[in-house]
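You will see two complexes here that share chain A, one where it goes with chain B and one where it goes with chain C.
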Partner chain A sequence: MDAIADTVFQGTKSKTQEIEDTPSLLTVVVDTSIHSWVQLTKQQSGSGSEGSSGEKQLIEALKSIVVFLNAHLAFNSGNQVCLIAAHSEGMKYLYPSADSKPSMSMVSSDMYRGFRNVDEIVVEQWYRLFKEELEGQESKVSMKSSLSGAMSSALTYVNRILKENENTSLRSRLLVITCGTSQGKDEIFQYIPIMNCIFSATKMKCSIDVVKIGGGIESTFLQQATDATSGVYLHVENTRGLIQYLSTAMFIDPSLRNVIIKPNQGSVDFRTSCFLTGKVVAVGFVCSVCLCVLSVIPPGQKCPACDSPFDSKIIARLRRKPVLSNGVPKKKNVSNK
Partner chain B sequence: MSLNLFKTTVNDYLEGLPEQVQSRLYESPATCLAIYRLLSPMAKFFIMSMLFQDHDVSLRDLDKWVKPDAKYQLQYSIKSMKSLNLIIEGESKQPLLIRLNPIFKKSFKNVLTGGEINNSFGDVADDDTNPVSTATLDQYSAEKWETILHYMVGTPNTNTPGGKVLDLLQHSGLMEEAEYGELKITNQGFQFLLQDVNAQMWTLLLQYLKMAESLQMDPVDVLNFIFMLGALQLGKAYKCDQLSNTQRTMLQDMRDYGLIYQNQSDYAKFYPTRLATLLTSDTKAFRSASVALDSVLNKANETTAVEGDSGQDETTERTQDGALIIETNFKLYSYSNSPLQIAILSLFVHLKSRFANMVTGQLTRESVRNALLNGITAEQIIAYLETHAHPRMRRLAEENLSKKLELDPTVKETLQVLPPTVVDQIRLWQLELDRIISYDGYLYTDFESYQEYQTVADYAKDIGVLLWQNEKKKMFFVSTEGNSQVLDFHRRNFDK
Partner chain C sequence: MSETHSGAATYKKVNGMLRVDEDASPANLIWRSTDGDKSTTIELNMVDKLQATPASSDKMMLRIVGKIDSGIKKRKDNEGNEIPIKPPVHMFTFNNRTVMDNIKETLQHIIARYKDEESTQEKHKNETEISPANTPVASETPQPSHLPQDLINTAMLDSSLTKSKLLSNLMLQQSLLKESKELMNIFQDTVIKSGLPPHEFWSTRIPLLRAYALSTSQKIGPYNVLSTIKPVASSDNKVNVNVSREKIHTIFQSYPIVKKAYDDNVPKNFKEQEFWARFFSSKLFRKLRGERIMNHDRGDIIIDRYLSLDQEYDRRDDELLQHSVRKTIDIEGNLNDDPVKKGHRPDFTMRSGIDPNGNSDGGMAILRGMNRLSEKMVESLENEYSRVNLPQEDPDKEEREEILYSDLEKDAPADYAEIKLKRKVLDAKNQQMHKENSSVSWLEVKNEISSITTFMDKSTLDLTTLTKISPEVTRSINQRLMKAVKINAKQSKHMNTDQMLGTTISSTSMFQEASKESTSQLPPSILESCRMLNNSCCEFLKHFYINFQSGDPRKTMLIKKLYKNLMDCQEKIDSLLNSVDSEENQEIAKYCKAYLVHVLDSVNLGIHKYRTLVKQGHTA
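Moving on to the complex of A and B:
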């Protein structure tokens, strides 16, 4: 009897040790807003003797990304990619793209067809994107980044592809490449959309990886996103050697997530932002209906998010300077530590 | 899993090649890509991380990447990279420092960046005036390949494949000559039938390689050609004039297997079929030969409509056809009406009735024993059932697993697509057949004292060579490999 138990046991054991080599979908969201790239260069030429212009840094990054896409396609023949640009005027699917027939050939014709099909469209779409930008620049220069919008559409795409490929047990991950020079100012207003992305990503078991190029401070919300979805957050100084970062830290395939130690540095800032001013708050007010966080008492005595009216008495009490009141204020709360 | 079977067989072959041959292989970018894809995921990760690194890498650093409970996989991936000579001693010659094979590194970089590739991915003929549709290609390859399989199963009223194919089947031991010069399927042949289409093709191709060596063909040329076939795009015509002489002769043979197609009128061009493009991919969609080909044929109609976006179509395949459901009471339902599929099932299932789109049957002790006696192993049966499991079964198992994980995240259970009772029972039926295991070894008896017996037996147990012992009679038995060590130990400690 022992022999029977033994062999059956071994049979199951050896199976657990195998990593299944399943195809995966890589969705890359790239922040291509010219504005932030130019600022990045300005900052760097101020601090050091960096001679390159903003476009150069951007092009450097784009080159690395194309090679990175190829690397992902090389990993498994069933692998798929998707590339989305978060541009100054909204997001755009670069690959797969609606008008898929490339008009000109900018990629070496010798290249492996699987790569070439993707690369040609990517390069072509990029070219068009910047051309449009160049023509329409004077009319409207938006300073806002559409990163969160691009992330949500990336996740919808992931969702669709996962549904379509239910039989092949496709897995997915999302890589966000952002260039953070905006002093974290405009990303604050993206707190809610990014939070929503995080929730849907965890539900789909899609991990979010983030590469942040330049910029002094960490982008806290993206960091939270990687933390919640067991992704990797990486902050690099400039685009030099970006491919090395992409091909190591960002190359952890979903099938390897369980066995590779993720190169995460430091602790994550879990603080949230105020819905009105966009400031990151450690202690603030919370609406008791919709749980939105505020750093100041909202004007108009109603919640800016859900429009539920606040009790004027309590507001008045909250407005008072710190006093020793015997009742606990109802609308005061400590959000996180 | 049968999925990895073809990878291991190909890898074993590649690892066995002499170093010079390997280095010559790495000169071709297409081959590099194919070999890269054949590696384990962890090895792929390490290679990618070293690819753009100019310095030597310490093995300790690789070790730091991996969680402690996955050390086994780390060792395995390092071993396979070393035996393929993909990683070699670092430039500084220090221990533990390694680097990528420079030839491989250069070619693989070229693959990714589109550098100097020298047509190793085939030379597309752009001036193709009358292109062959993918539907024709699929039909052609399906016909050729199914002929071979049908011939092996012995389906009545099928054509006989070409003479070279028969030679190959015989050489690889899949079929043997019975009386009257007819070929009969062997035990290996039965096992072959249960594998997925990739594994089958590679079994034949590796055999082809062995035959080619005896025919003075250069293995590097042959391998390069096979790997190139795997990287070609379906539905495109490729020029033959860049091929070497060896490769031109191969063209004809590959045509017999249905890997490539040539127009009767124009031998300067060839078209890779879907079978060829599958060579280096392990798309799970194609779980077996017949399923693959059936879905190919079904899909052929669709692809003709949306030609052009061929980057996608390989992965969006459905596996509905040939999917089977197995219940805990050993009843089996297979949604298939291809004679080949049914013939394969009948190897180990007692089939009961056949309907327009499905067959039902029962796994019985008798039917499984029959298969086992034919040389098919329990593992192969299980793997076959698992890979052909209906998507619904798979989804059910996945749901169950995620429920269990939600309750207790520490559960070490893996996905069980098949009912565990069935899996265990098939294994037990196999165990019934080998109730006696024999070992070669040496018996130690006649010890002078109990203490002497105890010390030596303990030593043998410690080094793991002890197979049996009896305290009362002061005897024990060690395996052949361990004998000299035990003898040495005894000599050291007890000889005066």
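Moving on to the complex of A and C:
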């Protein structure tokens, strides 16, 4: 704490006071795809940690998120929130929701009205989300995570709100809460959509924070997203004390982003993944039309992502091996740098 | 000869004719007595003063005071004093006011011209350093002529931009190097100092060359240059015109008649300056510019001779510019050309410049002149920028298509760009995901969901449970974050000592940080050499890999050479690192190493690859 106070806050005292008054929009994308959570619970109970002993991880996460949203609302009367679920079947706006009249009262009626208006809808939509999945058929449940889709819609929402509030100079940030599994790089196939999110976020000056619960410590593309938008990447083991993480590390006002020292850990892996094999590549091939990255020369002489035909001459040239004058070919490993 | 330049005048009480001869150089004022046995010639460049009796006076006299010829020996009077030499004075008496005025005006112009010339010459002699742009006289400003030299042949643009042409265009490459300092540095370091073949260097920069060639070859198209020249009247009754070298060049291009007049007269009859002074006061200038020529306009007697020649030029142009007659009948045009309304007489634009009475107000000629000019300007671009290769436009196409019966033809089918959704890939991915998640059975998932929903059914959400986390957990979380922040703070202190400054600057934009150069710990000279080294290493690596991967046995020698270059690079990096590595500046050595270690790794990898290839070649 001393470090922060010394280097940063003194210089900008006057600035921060002026900035405090500008309202901001907090958009939270939470990964609710149930499979990963179940897997997480299983792993932690299997490894004998105290994770499963208390409440369900998802309930714990929901509570933390609700408190986090309330805290954000409490900062400024002009602050706004948005919560989006990246569910197994697709994304869904939990708040603001299309059917905004809450029918069930699922939060304490003693709560401050400003919070309750938001929380009731959030909790009820959350409940409905799982209720619907319970009633659905197994076959319908696809396994893919819709995280990148949810991030895209979160950014479109941010864009809309920013446009609507152009005169109040609203600031915005995006928090992604994702659940990692032991298999680790599960978002590997979402490289292109996540890259698109990164580009639009930098353009809108909306920083992306990521909290990854469980799974591997690294998360290549989400880390890239936070790095490019001066956000915070945090990996936590389980939902215990999640609110502590959220309230200490995730409350950096957008105006302080480039001033404050962030609690990021480790270094970011800037490599990308191969479109075909999903491997992370250091040196590879790039389609000149859609910029899709490949670690191998694709079969069929066309881009697997956009179907643009490749020049057969160039492909042949790429396949050539280096030779010396005595004509002995040599096997060459491209991605070995 | 126009009568403005001659008239009856009495000189020394003898009647005679006074005539201005502008053909001679310098121009003369010649008086000849009526009987022809007496004559006087005054060279007009030797005139100092010109005086005339005012209009109110009855007498009509013109007094010309000549200059003192410095070549004449100074005489001495009886007492040995120098007598000031009396300048020669000529006095002419007229009997007609208008004749005198005309001659006076003509003389004024000519004398003013000579005087201007003199003064500018003197100026040039005395103060050559004074910029010629402020020459205040009716003259072009003599500027050092550097008309833009063409780097590529724009008429054959397509072929000029091919790879081989660009690679062999040394002039283009040189001028690009001059333009871009950064490129020059790399070029010097790699090609000049380390012997990378220039062909190799440029072969990876074809697009750069092409873009440069295109951007520099942009030309200003022809335009109505004379209309941009605006004579400005100055206080001392002179007319000033400022013309640049480029403009003169353009004038010559657009008006061959001016070029001819110039070639004929300069420097045979007048100096360049005088030519332009004459030209801008001539009737020819007015005509070319599209102004109406009044009969009483004073022109320039010599230049205006070209007026008749110009008509000849115009006629030739008209022939060249003749449009082909359309093969179809323009019904709409005929409707407008209604003989009932206007009679059978051709429209006034169709009639020749002079109407039957022989007096023309010149309006038609002006219109024609302007049209001719416009057409010529359009025509002159015909061959530029590879337009020759474009398909010829068919003038009758529209009419022909109009005549065709096309109502029974089928509509062209709408053509859409096809977008293919790669379902297969997505499915394959999903399956892989599914495999990953297969450790979780549907039953477990269902249980989890139902437990969540039942939990939420039971009661309202109790947020207070969050506070029941044990203090140890909270503390450990705090400690973890604090530790991360402390590490990062230390790092950022190292990376950027200007943190304080940065905070105040960057408050305007949160992403500004990326654009500003981070301060470095290194002294600028070492940093610069690091950069240079990095650049040239990357350059060599690029060429090495291009040729190494090409699989072309003919490139073996080149690869070998590039391999040697890579070895040199390695050596250079090593020597740089060794030179900075000393006891007192450990810090600098550390940064140098951090900067260069990546490029060193890459160079080593390249060297290693080459060696293994050679080894394999030997063992095989």
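As a convention for this text, the second predicted complex is superposed on the first by the 275 of 337 C-alpha atoms of A that agree within 3 Å, B and C clash if a C-alpha of one lies under 4 Å from a C-alpha of the other, contacts with A are read in each partner's own complex, and residues count from 1 in each chain.
The rule we apply is simple: contacts are C-beta pairs under 8 Å (C-beta built on N, C-alpha and C of every residue); 3 or more make two chains touch, one makes a residue touch a chain.
These numbers were taken from a predicted model, which means no experiment stands behind them.
Legend: residue contacts after superposition of the two complexes on their common chain; A:Cys179 is shown touching neither chain B nor chain C. In the superposition on chain A, contact of A:Lys131 is made with chain C only, not with chain B. Looking at the shared chain after the overlay, A:Gln244 reaches both chain B and chain C. In the superposition on chain A, A:Val281 makes contact with neither chain B nor chain C. Once the two complexes are laid over each other on the shared chain, residue contacts for A:Ala71 go to chain B alone; chain C is not touched.
In the superposition on chain A, no contact is made by A:Ala85 with either chain B or chain C.
In the superposition on chain A, contact of A:Lys321 is made with chain C only, not with chain B. Of the two partner chains placed around the shared chain by superposition, chain B is the only one that A:Pro23 touches, whereas chain C remains out of contact.
Chain A has more of its residues touched by C than by the other of chain B and chain C.
Looking at the shared chain after the overlay, A:Gly114 reaches chain B, while chain C stays out of its contact range.
The residues of chain A shared by its contacts with chain B and with chain C are 3-4, 7-8, 11-12, 15, 67, 107-108, 119, 241, 243-244, 248, 255, 258-259, 261.
Interface residues of chain B, counted against chain A in their complex, comprise 1, 3-4, 29-30, 33, 36-37, 40-42, 44-45, 48-49, 51-53, 64-67, 69-70, 72-73, 111-119, 121, 124, 231-233, 236, 280-285, 308-312, 314-319, 379, 391, 394-395, 412, 414, 424, 427-428, 431. Considering their complex, residues 1, 3-4, 7-8, 11-12, 15, 34-39, 41-42, 55-56, 58-59, 62-64, 66-67, 105-108, 119, 123, 126-127, 130-131, 133-134, 138, 141-145, 181, 183, 186, 189, 202, 205, 207, 230, 240-241, 243-245, 248-249, 254-255, 257-259, 261-265, 275, 278, 304-305, 307, 317-318, 320-330, 332, 336-337 of chain A touch chain C.
Within the complex formed with chain A, the residues of chain C that make contact are 420, 422, 425, 429-430, 432-434, 436-437, 439-440, 442, 444-446, 448-453, 455-456, 460-463, 465-466, 469, 473-474, 477-478, 481-482, 484-486, 488-490, 492-493, 499-500, 502-504, 506-507, 509-513, 548-553, 556, 559, 602, 605, 609, 612-614, 616-617, 620. By the touch rule above, chain A contacts chain B in their complex via residues 3-4, 7-8, 11-12, 15-23, 67, 70-71, 74-78, 80, 96, 100-101, 107-119, 164-170, 241, 243-244, 247-248, 251-253, 255-256, 258-261.
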